[in-house]
């Protein structure tokens, strides 16, 4: 029916699509974390990319000590994710909330997180060295379905990310803390009236977002390398995705992440990897000029 | 701060600077550091005005500095324009860039300006290193190595005749800082402060926050471009390594140490930090880590920097600084 | 139950409340009247821990709670119902009500209180899944009061519940407040205009320019010529 060339092309394209989906799912994790924090606490965290790497580095540190089987990764998640939660919680509670008393708190928070980002980036370089590190895949090997070839790694990343996203959504809608987070995002005054401790919710929100981005870091560091100085670039990417989807919009973040993940994969496939960044910037510029509030604007 | 206090502070700081060569004029190493102090004082002041006074969080300062430096150098090398004119032209080019960047993003919320200017910064390095850069004469990855020094009436201001060069740069730096002071204390500056307290009232007077912010953006980029050019012609070499992100933490420490939003503070801050940074160079790789940690510490512990302490000691109510006039109540 | 002694409140530099002292006994309905912008809302907010800078004493059952956070006060049984309602716009009626029971003291009674609230406000029961931002003014008012009740409060500070409502709805609101009070909840009410004041309230205060200018029973209030004209709409 189709010529052999076309068939091969379709297979290649499906590969690219899968890669795009798996990347996109991690971007979704990152975007959701960022949009959550910004929507609820209005704080902007420049160190976000360095938290992504923190997840990767925590995992890497554990791997030197433990084995590399699937069981190994379960341990990693059990140990690292709570650590990330703690880091995020402490950061909001001790570093950020004291700044909200000032009139120029937004800028001060940005300065503090920028300083923190530079601190962490250089700390990673000093502690872990400048060389790139990598994590072993959760699941090696490939899955063959008829003529289609998928790597288990991509599948695992996609599934785990999706799991994370679903857990996130469930938490927001079904747990008391989750509902409190939504309440604070929608109406802080109302939240106070109802007896919600806003400081604690801010800290919990920050902690949740740190877990999400760190989790994304662990996942993606299997496929790509951990680069100590990539914090800035990762933060910018998360930002572009979030801005494209609309700051504060969960649905927007999800949609944007997958669109960008897939778009990036195809642009890279057709034109070459370095053009992916250019495509991102064009997208960002376009967003700022045509529709600055992103796809789904401001909302919950 | 009142105009008189600001002017006095600037006068004293620069005055002391002007006298230092008497003590250390024969130590080129220290003289070089002093020149750096003077140059960074302008960059830090510009960034402080943008962030602390105009309330715009921008990553543009370093980018504009580099654009100013490269612009002037390229004009001098590839187009044989004499450095003095090249510097001035470069200032205008940089100001143009500032307006170009400012126009779309100043209307947007805080983080967006930061994002766009960060993008400009990130884009600058590959641009200068790559083909486009080579085409306009940036020297690519190797940078520029043969930038001619400033010469007036046949006299060359290089690092060999460090003392006259020092005084020239001191004058330029002082002029830039004074320009900033007049901009803040002008009719427009005071109006802008009124705007921050009550938009409706200011609007009724016909003052547009957007226009003022754009003007501040343009003026600070102009001054930063100029001092960037001066830097290039003083050092004679330029490379894209100047765009490393660590520079931001150093600049932030300067502003925070001086006092965010307390204008002349950044001048003192830059003097302190350049000196301190030299003292810290034995730390090697740990220096950058320390700088980052310092930023976090300063933002939390010393929110108004040295100027804050100074002002408290003077016991005067700093009505010129919006951040300082906010009372201690928590926002409910 | 609530004794406010020499309360001073500031909004920035502006001295909103000046040495205000009032008291509300358990089981009472006390009304605070006064012109707009003279501090009535601030007084309520201060009692509930939602005002900015305050000095003085606020005693709840003989404990000075002026330093207590607003969340803790909700757990003590003091709840504020805002003039602006402050609902959660993108959540349904049910979700808003459930969040009303967020405080620890309210959680074990959530189910009962939901039933109670739906009994009291049948209109809300009919609109469980409706999103709060789509409700009419009257319905939103009811939801705000209902949400306040969900916190299992002993003391409700209600800020101008009848503002902007048609007369028929107004009467309904006041009747509801009476019913709530009959169930044992102490109420401090801020209003501009209550014709039915003597049926509803045991005590009346008038707050003008941040100071109490009248304190007395509802009967005395209705017999005061000055008050009759300005506040009671008679």
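Each chain gets a letter, A, B and C, in the order it is written, and its residues are counted from 1.
Quick note on the criterion: contacts are C-beta pairs under 8 Å (C-beta built on N, C-alpha and C of every residue); 3 or more make two chains touch, one makes a residue touch a chain.
Small disclaimer: the values here were computed from a predicted structure and weren't measured.
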### Middle chain, criterion being Cα centroid separation
A
### Query
For this structure, which two chains have more C-beta pairs in contact than any other pair?
A-B
#### Entry: Intercentroid distance (Cα basis), chain B paired with chain A, Å
34
### Query
Between chain B and chain C, what is the separation of their C-alpha centroids in Å?
54
### Query
If you average the CA atoms of chain A and of chain C, how far apart do the two points sit, in angstrom?
44
### Query
What are the residue numbers in chain B that touch two or more other chains?
330, 332
### Message
Counting only residues that touch at least two other chains, what does the list for chain C look like?
### Response
50
### Query
Which chain A residues sit where two or more other chains touch them?
192
### Query
In the complex formed with chain C, which residues of chain A make contact?
176, 179-180, 182-183, 186-187, 189-190, 192-197, 299-300
### Query
Inside the complex, what are the residues of chain C that reach chain A?
48, 50, 69-71, 74-75, 79-82, 84, 86-91, 95, 98-100, 102-103, 106, 147-148, 151
### Message
With touch defined as at the start, can you tell me which chain A residues reach chain B in the complex?
### Response
38, 44, 95, 98-104, 106-108, 110-112, 114-123, 125-126, 192, 232-233, 236, 239-240, 243, 247, 281, 284, 288-289, 292
### Summary
Per the touch rule, the chain B residues reaching chain A in their complex are 51-52, 55, 57, 104-105, 108, 110-112, 114-116, 118-119, 122-123, 245-246, 248-249, 252, 256, 260-261, 285-286, 288-289, 291-296, 299-300, 303, 322-323, 326, 328, 330-332
